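Here it is, the structure, as structure tokens.
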Amino acid sequence: MNTERIKRILGRIPLHFVVISLVIIWLVPTLGVFVTSFRSRQAVRESGWWTVIKGAPIPGKEEYREACASCHGMDGKALAEADLSDPEVVGDYVKTNRLLPLLREEIDGQPHVEDPEWQALIQDKSRTKEALDKLSPISQYLSTLSGGSQIAKYDLTMSNWIDALVGYKGTETYQEDCATGVSKSGKFKCDASDLLNPEGMARAFVNSLLVTIPATILPILFAAFAAYAFAWMDFRGRMWLFSLLVGLQIVPLQMTLVPIARLYSRLGLESSFLGIWLFHTGFGLPYAIYLLRNFLGGLPRDLFESIYLDGANHWTAFWKLALPLSVPAIASLAIFQFLWVWNDLLVAIILLPTNPVLTYQITNLIDPRGGNWHLLTAAAFLSMIVPMLVFLAFQRYFVRGLLAGAVKG
Amino acid sequence: MVPKIMKQGTLTPWLYLAAALIIMLVFIVYPTINTFVLSLRNKTGDAPASVDCRPGEPCWGIFENYRYALTNPEMVQALRNNALWILLTVPGTVGAGLMFAVLTDRVRYERLAKTVIFLPMAISFVGAGVIWKFVYYLETGGGPQIGVLNAIITALGGEPVAWLTNKNWLVNNMSLWVVWIWLWAGFCMTILSAALKGIPTEILEAARVDGATEWQVFWRIMFPMILPTVTVVATTMTINVLKVFDIVFVMTNGLNGTEVIANRMFKFIVTNQGRSMAIAVLLILLTIPIMIINVRRFREQEAIR
Amino acid sequence: MLQKKFALVLTLLVVTSMLLTGCPTPAAPTPTSPPPTPTSTPKAEPTPTTPPAPAIDCMGAAAGDEVSVIYQWSGAEEEKFNAVVKPLVDACGIKIVAQSTRDAAVLDTKAKSTPPDLVFWPTTAPLTLYTAQLKDLASLGANPDNYADYWIEMGSVDGQWLGVPVKADIKTIIWYSPANFDLFGYSVPTTWDELDALVEQMVADGNVPWSMGLESGPATGWTGSDFIQDILLVQQGPQYVLDLIAGKIPYNDAGVKQAYETYGKWAKDEKYTVGGAQGTVSTGFLDAIYKVFSDPPEAMMVKQSGFAGGEIAKQYPDLEYGVDYDFFPVPGAQGMQGGADFMMAFGDSPATKALVAYLTGPEGAAQWAKVGFDLSPNKLALGNYTDPALIKKAEALAGAQGFTPDIGDTIPAPFGEAEWKAIVDYINGADLDTVLAAAAQAQADALQ
């Protein structure tokens, strides 16, 4: 290895540092929700998602050691008649407001707590609030000792993902519903066929694809023709028509829903795939034309002149030259049109209510008051899979040198 | 100018444009005209807007809805905020996108890095709302901070911050801008990266062989070559920012000084059509400067090619 | 090479998608599943006063007839609704094609293009928006005798009965932990003065009396509007609230201002509420509920509607209703504030009539109560509840001196949001007169 090379590698360290730290910053918010999607609804509200690395917290160990270990022992088993590791014995005393009254009571005429300081705190009714706060870690430790629910709810779980996949909407989880092998709610068969439950994700997934694929291809196809005309044809009104088109991008989608829905009900297009394809095509076109025209217009003029000298006409120039050269632009356009349609909720609810798409199905999982929202964490990732695949697939077409090759050829 | 030898019949261009124009006429132009008409009508669209005037209060007659759109204090706040949004997030997203496009172009894990930056785009805005809830979350009682930002701040010994419900409206808006940049930088990066890849390698190599630094290569060669695309991206971002609605609606609903125009429009969409449509028309009119800039650039481009 | 591949991918995508849509698509998902069994064990058989289950009247609907409905329910709520209509669906073979949305714009678009047969909506706003399109419910087989007069009034426009409440929840209640109250020796207050004294007592004991949280995404502020309306019911009474709704009293009236100040005294001070003003504005409304029942408790009381019980049970499955959590009516409130989901009919097909008649009749009411989908305002539902909390709520509703709907929900939108904004701004330090003037302006605009 020569010094020149080492120098080069060292010189690139700042670059790597910048890129990697940006990547991390960009990733953290999403990562947080990804981790959260494996946590129970109780755990989410009580500790940050990053705490999963540390494992389940065991609060109150120190407090317990100080106050109780001398009698009950660190494992709680020292007194046979009061085995604190026995859930039966501990029972409700894992709740601080039950533990305090218990401690106030005497055992065989003796105060429950020997330590005078503790005893004073516990017996002084005017210091109840203070006593509760002090006892709380101990009751939590009791819960740990007796294998209570404190531990279980910190375990990572797949239930958010499973619930979202099968479309479980109840108040427990799908696994609890099917714990006995027979669905308590009667909605499920408790086997793999639940994945095809019409209120689950699978059916909605297909609907989303059926909506999105044509609604991505149609606008790009029409836009390519129009953009070619704007870039390489001369006609009156070209300039103002194009600038009007730039302006059309601002039209807020919400404004158009009522007139279009009325039109559709007259034409019998309501709840039809054709209707929703055309709608998305209409809204995708201004941006698609705008982007493609700028791309096509930026191509070298001599390319077009030379193909003309070879005897080509516009039709051949479009198919043989313009379209192949704009592959990177088309690829990026396809990615975004796909995304917008895939993530759309409003248009889908209004124009395609009978064939729920993924976004619509996801909102149906959540209770209006925000209950079940933990399912959203998993559902959001399920719906992200396809857009990410599309991005990865189309990224291959952002290749350097397409143009260079064409010039040479 | 279009090369002379490529002249074509008068009809040909319109054949190429036909499909796109017809669809846009139906889905955008027709509803827009409908919007203009309704903006001069009352709440339900069955009488002129002037019937909504109240005695003893200022009245703009048939333009009564525009009086609301231009003078109501909340609309004024929304206009101010939209202006700030454009001033800060458009350079923010385009700059970030350009930086990502240029930097990732030089590392071997380009695909991975790009995928991560692009990731937010694949999330629906409902999902984005949940994601940022876990970033901005503020615990005001005794419990632990479960939001990343406040957890970091308290770990460093600071006081937790109300990111979205602050008394200082700029803080709330800034928090929303950060979400926007996070969401849209991937978009700018993707388009700009496609443009960067279009620059012939020979030109760049030639410059490097001539002893140009990377900095010079970027500003003297790359940037001018992708300038048309930068304009496209900036224009698109400006238009998108003007329309910003989803994020604001989900995260603050315009409270605590974060109101924006599109959110005002949405509030009235069902109950006061006229007012809602007037706000929409205002939004459309605001794009006129953008259109003028584009026409100018269009002319320049025509002149040089 | 690359271009060719790209073109191939494109063509393949087009072809497959065309093929797929060419196939007959399966019918829309319909709720055909059996109802979830009630989780609490049913008590003894229905009270003897209930007549034996009469046959369900299909109103001439044939098997396979469809009823299209729009409602806001989703998730567990939708499941419960499906359980409520199950007997009718089974008996008549009709199909309910439901669309769930919380978006008024979606309802608006549908109403103006392809209206559904029935709409279930948590406000009466559609009554005024679509008066001409809605059908009189009596003509569809609904029986007004089954509802208290105030319900009929709320659902009527110009003498036409267009909306009937199917589901109700009471709001004028305060949730607390009986176990904690016992420990501190607090007793449930029965007058406003007692509540005030209790609050001061709690502060003296080092406790935080209230847990408040206004944050609720796009609906941030609604919990404050509920609280203030309850204070109005205490300080001014139900007629005052109804006059506000009708616009006879402007929203910046002295009475409203007094209620805001009463609320603000608690909501802005960290002695009285968790986190003070910052806590009130930033805390999520669900988190505000949890804070009272956490261990140790962060606060002693939370003023929240009936649904809070279900949220407590979900977050703290170990807690027991009646021992660890319970509620009492806001002391001194003259009348009850509540929310209801109203049913309105755009269609009048036999299947639609069958559903309307079923839900407003004895069978639907009894089934509603048995399923326990909150309360049914139908008088015939009483005596059929099995859940202890619902029984108590139903009694509170039946015994209410008067009933007022939510001000913000009843004055046409976007007044409700103007009201929320006024509250949030006030708590965050804005001048009270200014925020109330802005809300009064929105009230006047909306009622014009």
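Each chain gets a letter, A, B and C, in the order it is written, and its residues are counted from 1.
Simple rule for what comes next: contacts are C-beta pairs under 8 Å (C-beta built on N, C-alpha and C of every residue); 3 or more make two chains touch, one makes a residue touch a chain.
For clarity, every value in this text was computed on a predicted model and none was experimentally measured.
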| item | value |
| --- | --- |
| By mean Cα position, the chain sitting nearest the middle | A |
| Pair with more cross-chain C-beta pairs in contact, given B-C and A-B | A-B |
| Computed distance of Cα centres, chain C from chain A, in Å | 28 |
| Euclidean distance of C-alpha centroids - chain B vs chain C, Å | 36 |
| Distance from chain B to chain A - Cα centre to Cα centre, in angstrom | 22 |
| Sequence positions of chain B contacting 2 or more other chains | 143, 266, 269 |
| Residues of chain A touching at least two other chains | 45, 254, 331, 363, 399, 402 |
| For chain C, residues contacting two or more additional chains | 105, 108, 217 |
| Residue ranges of chain B in contact with chain C within the complex | 52, 54, 73-74, 129, 138, 140-143, 162, 164-165, 167, 249-256, 266-272 |
| Touching residues (chain side chain C, partner chain B) in the complex | 104-105, 107-108, 125, 129, 211, 215, 217-221, 274-276, 278-279, 281-283, 291, 294, 298-299, 412-414, 417, 420-421, 424-425, 428-429, 438, 444-446, 448 |
| Sites on chain C touched by chain A in the complex | 2-3, 6, 9-10, 13-14, 16-18, 20-21, 25-26, 28-29, 33-37, 72-79, 97, 99-103, 105-106, 108-110, 112-114, 177, 179-180, 182-185, 205-207, 216-217, 284, 286-287, 290, 295-297, 307, 310-311, 313-318, 324 |
| For the chain A and chain C complex, residues of the former touching the latter | 41-42, 45, 94-98, 100-101, 125-126, 128-130, 132-133, 135-136, 139-140, 149, 169-171, 184-187, 198-199, 203, 206, 209-210, 213-214, 217, 254, 257-258, 261-262, 264-265, 270, 273, 323-324, 327, 330-331, 346, 349-350, 353-356, 363-372, 393, 397, 399, 402 |
| Residues of chain B defined as touching chain A within the complex | 1-3, 5-8, 10, 12-14, 16-17, 19-21, 23-24, 26-32, 34-35, 99-100, 103-104, 106-107, 111-127, 130-132, 134-135, 143-148, 151, 182, 185, 187, 190-191, 193-195, 197-202, 228-229, 231-232, 235-236, 239, 242-243, 245, 262, 265-266, 269, 276-277, 280, 283-284, 286-288, 290-292, 294-295, 298-299, 301, 305 |
